[in-house]
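Paired with chain B in one complex and with chain C in the other, chain A is shared by the two complexes that follow.
Up next is the complex of A and B:
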């Protein structure tokens, strides 16, 4: 345990870090790299075990499963890339891709700027900022399933539905929020934005506190208004956060499941069938043992696309965020 | 410093070990065989109490078996997850349509030797027993109930609309007229259909069967693009868009439509004839509102009422002693009340005492004579409005009973879900084009399952 690793760096495969050789007396191998030694490893162990068992192991299992035909009861059979071919041949895949893209686009148009605008407005407020923050964050605290059930009441298509009643005062409607193929997706985006905006508002508010107040003071002295301060100071100062929330938004909306599953189950007529809902259907629609292979294959494809998109995004925006 | 670090490391390791140990879940070692059995999710406390009373009676009669209840309701999606995850109770129920597939894939325990010993094994109606048998005739899953689809209607809404609740519709044209009247007079949906979670396909198949059609030919060919299917969809289209008598919710699943019917928002809907229990115990239906009649059958030699039923099965993970105990429970809880007077009376008595429905209509799993005999045993405990169900119970035994398709049933139902949803949500839906697409998709599903 206390022995000193006297091997040259090449033996331990540490050619890239010759500085180790210049530090005689340090513990070698894993312990040396773990810096804190055994206690560090022991403290890390619970996290590593939990993360490995509940996160990486299922991911690895899903990758293997994407090349298998299995019902998780009988022995699996390796089928090569047949699951991927099956997924690509499914006409519902392209429906799901289109719907997911549509949801992501709407969420980007409406869901992305709203928290920013709200955060900027709230940062301008001198009094009761805490109250506004709490109110903005409140929807995030509501359990998602409860929120959807609540919004189902709001979206009741009858004349006595909450939204239809309100719009009826202005002589509008009634609208079939969740039954009309043309407005069902915007309806889902509206609820999703309401539910998630609070968290992003808090992130933006925190980022805004990091902006040097003297910049605003200088701008005010120079006669800059709210818009010029926003455009020339606020946005450039928090652009790193904006870029991060943008990619998180894309990844999140590409994996939208809760709203279409609970509101419409993909209907009407697959108008809200998203990629994750399609994965769910592959796995669970057939009560006799789902097509877990196809579900894993589509999951893997989605993960690869999102990873590639994220890498590309960060490369393209590297110069902006620095 | 070193000592405190080492102590902290030991503590962390101990906590990790403790956490991992907590993951194990051993049965109590009391010498008894422990099994978990199914109880419907979402029951009122009275119903749970009634179930617990039955468990007590069972454990008294079988002191070497300990029974624990587990909430479970079969739905296509959740069942698959529970089956794959190994979280099903030892005793669970599945619809007839799933029986043969589960047996073929070895996804339920082989209890053929145990069921062969049951005294009523050879008394089953052969058509019903087949749902739980393997090709050699061994019974892996025990049929515990059978039903024929029925037309449920709200008598209060009928009266409010000026219709006679004792003279429910007897043709599909009358259904349409009644729905139109109810909608116009009360503002509620005159007629509603399920459309989600494969139930849209289930109900569309029911109506197609009543019109004389089928969704497959029984030999591996889908028969979706047919005149009967076209008529069923065009009737729906007319009620939805011309009459506007179907309300404003077109994304119902089974639980949702039951809920809205029980709360008086729906005039009529099609579902299993034995649905009263769910409506009453889980959706607080006012019994005075309830009416049940048979499905109108077209004047066609092939028309019939779609039937179905429930199988009790045992988890494939059950050990031999657990499987034996599970069959004992199935025999006690589900079957004795259908065959033994004392058990039938005891069951009815407990249910009646706790305010649970007794006497809701079912179809016999053995024969009509046995069924009628059971009804006489429990007559004094019957507390459901049997007269309001008379239009159903008086005619259903004379209707030809049709089985659900056996190949790719849920997949074909899922394909038809989309068709029904499109017809109900898109005014200019092209029925011919929808059927052409559905025919191709259903055939692909059947081919894949074959």
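Up next is the complex of A and C:
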């Protein structure tokens, strides 16, 4: 579910949190009679049970499991840091780290500037802005599996493949999109960017419409040109959102699974083996039964690195973002 | 699209009426918009139009001339064959059942939880709120393995939930983003109404059912649309907890079908699988786009 595969919605909410947490306390309980009574418990119950069993407990269990040898038959045994040692000893780990980093880097190069440029342009559209938005967002609602399987056909290596046909008109190619070790990762990133960019465009567009027009007017009185307005007003005004989409994209791409799994299953020659794919293999495709301990250990390390990176990132950019 | 867009963005009047009056600005902006629209149409609509065409085109045509605008022949039987012989109907129903259940659980958890936290305000509300929000900061990869083991051996229930829809429905409910959205919306409802209702003798259940829920249609709509779409998109989790093909949704089944179904029928299956999400998007466009930007606003 959302909790596992993709959770674009809100891995972060850093700036939203303090305000929100502060609000309930301030205004005192309404329906004071019910405060803490049975009805409150009834209303809290679904959330407490579902979050308890399917979120809080598993998160705690993830930590414990990292230090255990678990198969489903015997009772779990504590093995200290053996799982971590095993993961670090696996030569595939470094391949996966490099590939994941490469994917994240390419995804930033492809996927970060394009939505921004598109959104800035779209914010100036006077008629039919809805059409622009709808077209941009359409790929986001296409089921990701359908998108990948469709693009897999587009990426057919033969001269009659869809992309090779199109490039053939310009005398280019044919390319072995998914078989050539040097271009397989850009191919995956291209599809992933196509699938995700629309969501970012809509977020930027909302931020852009929130920019106070009087700031532009002030700049015009001072004789600021379009470029200067863009650089000194537009971008600074939406920098909060820009900073957050950046870190969200890093967190998301560090956990990429669908594209490498369905396009190439990690190939050719492990060139698209990502960390999530490695975790998946540890846990679910091991012929000797799931190596849940190693999978949990690697998951935990990835999560710790991502969380530490996010905290550091928000520390470093704090003065700049508000 | 990228580089040309950037170049023309420079000449464009940035929300300034005086800029619009200059012909050079006006024309380059129009040019940029035209290029952007063409780019969006090709990138956004192109693949889906290709799929729509390929779904009713014989395999040989698609293979030999994939970019032909007009196929040599139409083969509408593809769609019927995908639906019946390949049993897309079954996987389609599974997908709908999974989406409906996930939707119901998410709405139940988020609405009741949000109501309790925002309006009933128990003493430990802050702690619970914090614990729910904290899950937003935990990268989802952490949950994969332990959640799978929880499904195999859930507390209290005692029997494995593997190969039951509950294994997808219940974890879907643990969505902190939904709770956050609901809680914020409820907290902004005018409190005088609740006071008045209370004076009239309405208890917390009555207030929830007759006042809060009817007033919360917009946010319920947003949460609903995202619940259904997210469920329709989901792949890894249902693949793990529903190994029985009889129970699998389209997303899990399609990659397997690809291996033993003719191309034209497979493409028809892909087209059928995209139909509901795209239709939902076209019908509830405003809800989708507002909701997507709402995500940004909450994050911001």
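We take it that the second predicted complex is superposed on the first by the 266 of 322 C-alpha atoms of A that agree within 3 Å, B and C clash if a C-alpha of one lies under 4 Å from a C-alpha of the other, contacts with A are read in each partner's own complex, and residues count from 1 in each chain.
In this text, a contact is a pair of C-beta atoms (placed from the backbone, for glycine too) under 8 Å apart; a residue touches a chain by one contact, two chains touch by 3 or more.
What you are looking at is a predicted structure, and each value in this text was computed from that prediction instead of being measured.
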item	value
Touched partner set for A:179, first chain B, second chain C, both or neither	first
Residues of chain A touched, compared between chain B and chain C (which is higher)	C
Partner chain(s) touched by A:270 [first = chain B, second = chain C, both, neither]	first
First, second, both or neither for A:292, with chain B first and chain C second	both
Touching partner for A:113 - first (chain B), second (chain C), both, neither	second
Touching partner for A:212 - first (chain B), second (chain C), both, neither	neither
First, second, both or neither for A:157, with chain B first and chain C second	first
Touching partner for A:65 - first (chain B), second (chain C), both, neither	second
Those residues of chain A which chain B touches in one complex and chain C touches in the other	39, 42-43, 45-46, 72, 280, 283-284, 292
Of chain A, residues touching chain B in the complex	38-39, 42-43, 45-46, 49, 71-74, 156-158, 174, 176, 178-181, 264-265, 267-270, 280-281, 283-290, 292
Residues of chain B defined as touching chain A within the complex	5-6, 8-10, 12-13, 15-16, 19-20, 74-81, 83-85, 94, 98, 101-102, 105-107, 195-198, 247-251, 253, 316, 410-411, 414, 417-418, 421-422, 424-426
